[in-house]
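Down below is the structure, laid out as structure tokens.
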Amino acid sequence: MHITAEHVITFIEQVAATIKAQRDYLTQLDSAIGDADHGVNLDRGFTTVLTKLPGVADKDVGTILKTVGTTLVSTVGGASGPLYGTAFLRAGMAMGDRFELGTADVIAALEAALEGVQSRGKSARGEKTMIDSIGPGIDALKEANAAGEDFISALRKGVDACEAGMRATRPMLATKGRASYLGDRSVGHQDPGATSAFLMAQAMLGVVEQL
Amino acid sequence: MHITAEHVITFIEQVAATIKAQRDYLTQLDSAIGDADHGVNLDRGFTTVLTKLPGVADKDVGTILKTVGTTLVSTVGGASGPLYGTAFLRAGMAMGDRFELGTADVIAALEAALEGVQSRGKSARGEKTMIDSIGPGIDALKEANAAGEDFISALRKGVDACEAGMRATRPMLATKGRASYLGDRSVGHQDPGATSAFLMAQAMLGVVEQL
Amino acid sequence: MKKLINAPEHVVRDALAGMANAHPDLITVHYDPDIIVRADGPVQGKVGIISGGGSGHEPMHGGFVGKGMLDAACPGAIFTSPVPDQMLAATKAVDGGKGVLHIVKNYTGDVMNFEMAAELAAAEGIEIATVITNDDVAVKDSTWTAGRRGVGVTVLLEKIVGAAADTGADLAEVTRIAKKVNAQGRSMGAALTSCTIPHVGKPSFELPDDEIEIGVGIHGEPGRRRIKMVSAAEITALLTEPILEDLPFSSGDSVLAFVNGLGGTPLIELYVVYNELTKILRDRGIRVSRTLIGNYITSLDMAGCSITLLKLDDELTTLWDAPVHTPALRWGV
Amino acid sequence: MKKLINAPEHVVRDALAGMANAHPDLITVHYDPDIIVRADGPVQGKVGIISGGGSGHEPMHGGFVGKGMLDAACPGAIFTSPVPDQMLAATKAVDGGKGVLHIVKNYTGDVMNFEMAAELAAAEGIEIATVITNDDVAVKDSTWTAGRRGVGVTVLLEKIVGAAADTGADLAEVTRIAKKVNAQGRSMGAALTSCTIPHVGKPSFELPDDEIEIGVGIHGEPGRRRIKMVSAAEITALLTEPILEDLPFSSGDSVLAFVNGLGGTPLIELYVVYNELTKILRDRGIRVSRTLIGNYITSLDMAGCSITLLKLDDELTTLWDAPVHTPALRWGV
């Protein structure tokens, strides 16, 4: 299985399309425990990202991902802008000038992204954030991969774990991000960032399934 | 038929009670074509008047009515304060130091009141104001009296004419007072001041009927 | 109805006490009759300037008492003209021996109550002049009706006339300037929602979720017509065009542009409206040389705005720029 | 939703254009990235002061740009932290060679975006200091959470620190004063209604007709608890007592009392609240030596208020009193 720079571009396009389609849903989740802008924020960012993709169509994966990252940093704002921006930037830095990625590369890129989110957000698992979806997703992907499963089925397990992680944010008490201001009242609501992270993972799986 | 100063006091008390009871109704009428304060304004005024009555309990009719007038001027505000205030003041001035009133006195007092309203308000009949209730009321009272009817039945005709005048304000286009700002949209609503004037006339009849 | 009040019948007094506590350096509040007077008044040898009207339009008028503006204000009950006792007390409190100007918004109640007060003050030997503001172009003017309402121009007039009095001008001169401001200013407002009067407890009029009132007054009176909700650009045009045509304002004129919030509309929206206003004025060749944007003559919690344009010349500009120090307007000091 | 806007996606830009047109003597607006800078900046030899945050809190921060307060403001989308490009551009625009202070309200997004901008500015050789305001006692503070929100104190801090920079103080000294203001101030707010974010089109939370939110934030975030509507006196006590206990403020203290409207509440109600506040403070022996009452840090059209108390000493009082000339705050000039 080889993922090319072109596939990465398709993945980004799919993410942009999903975010646009789920914009109001994400914003609605954010209105329950945040400030009702998560969908709008990401949609603003990925809409701009789409305009930048033609300029990197023939570039390496690292350049593509770093362009996505800097564009998100410069257009999203809020908490999710620096976090997803840093995630894509770090993934891009990890990929360097590769034009094709193998399974190990994808895992390395995702680990770099997660590390970026954690260090930028000074956050860890269990705080009711996007990390609670990304973290378990990467774990499951790695575990399946280590058990010798092929990439698609390993990625499916990863995405399932992402989804489970997203749902697991519902009973959590938020201690990071805007939802933390609610204290106990944050309990019972699904985290918007964990949801957008799951949507991105789903988009990745969609692209890989078309390979 | 003789109306004593004591009866006048009872009349004022009845007016105060009626206005309190109809406060919200008057205010509601005023919210359609005015600023939703007519009932509250008059209630504030007559509530204060009640506190002044003991001080004039043994005084002549002129003093009583003038006290009512100055109290209304000093407590009601809005358009109805100076208008009703002037009405009672002028009626009081017309009655001088009488302790008992005959039919002619009552008519003279009412005419003085009406004249006071008209000169203070620079208004005439047909402008959708309290004058459209007071004016026809006095006319009918005078006519019946001239035709030799006794005071009670003449007063009943007067009050009926007041009521008819009040209803006749509904189709009118307001040209004076706050309702005039509405232009055509003032049509179809009953004037609050014409309504409070009718309520006062009714209170007068109630007292006379007890004589 | 949810309001930050203790009881409908206490709201005016409580707010007066709050003002007195907040601005002891600028104003003093007297009760029975209720008036707000300049802390350092009366100023001897200066024409006294008073105004008043129903409460619910804050900061007008009490917030404009101080140096360079009003010497006293008479707050009535919510949306109800004050009583003559208040204007008489205020007149006496500010009389510095050069006479007193009464600034009256053109509402039947205000006019009559001020008139009675002026008669009483004159009887006590105080020279009184009265100027009536009637700048609201939403109301058709005519001699056989109550005429136009006084709205936004009142704020500008109080500032300018206060400055005129500070120059030492006599009552006739101050009155001339007051009349000039009223003559050169026009206003119109639109409401997105009704207001809720505390003692009524429900909105003064019902406005569906997609409709607005054009030509609304400042007392929760319904406007002249109701239209479907439109953009800020269209609302601004609906308010500005009647204003421009009425004076008329014409190319080359210099104006003070005043975008006023009615109490429930946030500042960000007022700036959006102001931006649309500048486009319209630019197209007509009218120059904005001074601006005022904010909540100055309000209608309790009503959402919406009013626009006032005042044609400026050197005299009015200089007076507008003169120092003012009141709870709600302050510059140059 | 009825708002004086043209389209949800244009409201911030339209309002910025309105501000630029309204106050050309005070501010200049640059676009892409969007920043509001002092018209006469950068001031050489003065520490530059910038702040920023989501829009929808007007006049904060753009209305505080001018002499004696902010040198630049970075307006984000409604309720969304601005992006680092804005803070970097603002930092460069105000750098007068003595370094730049970033005033950041404690929200994860604001902190991270300012942090990235500070890294970039430092890389360009500009000395940066950051102060984070976190005065909202409605939020439990702890090292393992995002901590308290920055609210009302931010306004007071921007004024005081702007004055400190005007004295010629260096970056370390200005930062010391900024931290002192944050350390000595506490706030809490209550909402009577939700706000409606333009692009959402419906209220951010549902509040029944007889309930209010205590401890609400300025972004339409629900508060810590919901209670039945009570009187202004009771609401004021519910906000003031946690503030007093937290610092704590004690008898003999001198404070700046700031009653802030959230955007949809009229001034008359803020004075009612202020009056209740003075009673509570008087009972505790706390002296109000300065006041600020009005809409300064808002939440779009939310009805409600916040209370901020700042313990004053001579240093802070002098800096508070120093001249300021911005679109929204002005005195001494």
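In order of appearance the chains are A, B, C and D, and numbering begins at 1 in each one.
Criterion: a residue touches a chain if its C-beta (ideal position, glycine included) is under 8 Å from a C-beta of that chain, and two chains touch if they have at least 3 such contacts.
Since we're looking at a predicted model, the values are computed, not measured.
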item	value
Remotest chain, subunit B as reference, centres from CA atoms	A
Mean-CA-position distance for subunit D and subunit C (Å)	29
Chain centre separation in whole Å, for subunit D relative to subunit A (CA means)	32
Distance between chain centroids, defined by C-alpha means - subunit A, subunit B (Å)	76
Numbers and ranges of subunit B residues touching at least 2 other chains	none
Two or more partner chains touched - positions in subunit D	none
Chain-level touch network, classified as line, ring, star, complete or other	line
Pairwise chain contacts, counting only pairs that touch as defined	A-D, B-C, C-D
Subunit A to subunit D touching residues, read off their complex	27, 31, 33-37, 40-41, 44, 73-83, 120-121, 175-178, 180-183, 185
Residue ranges of subunit D touching subunit A (in the complex, touch as defined)	33, 54, 76-85, 107-109, 112-113, 115-116, 138-140, 144-146, 149, 197, 199-200, 204-205, 217, 219-222, 224
List of subunit D residues in touch with subunit C within their complex	1-7, 11-12, 14-19, 21-23, 55-56, 58-59, 63, 192-193, 209-210, 212, 229, 231-233, 235, 263-276, 278, 288, 291, 293, 295, 298, 300-301, 303-305, 330-333
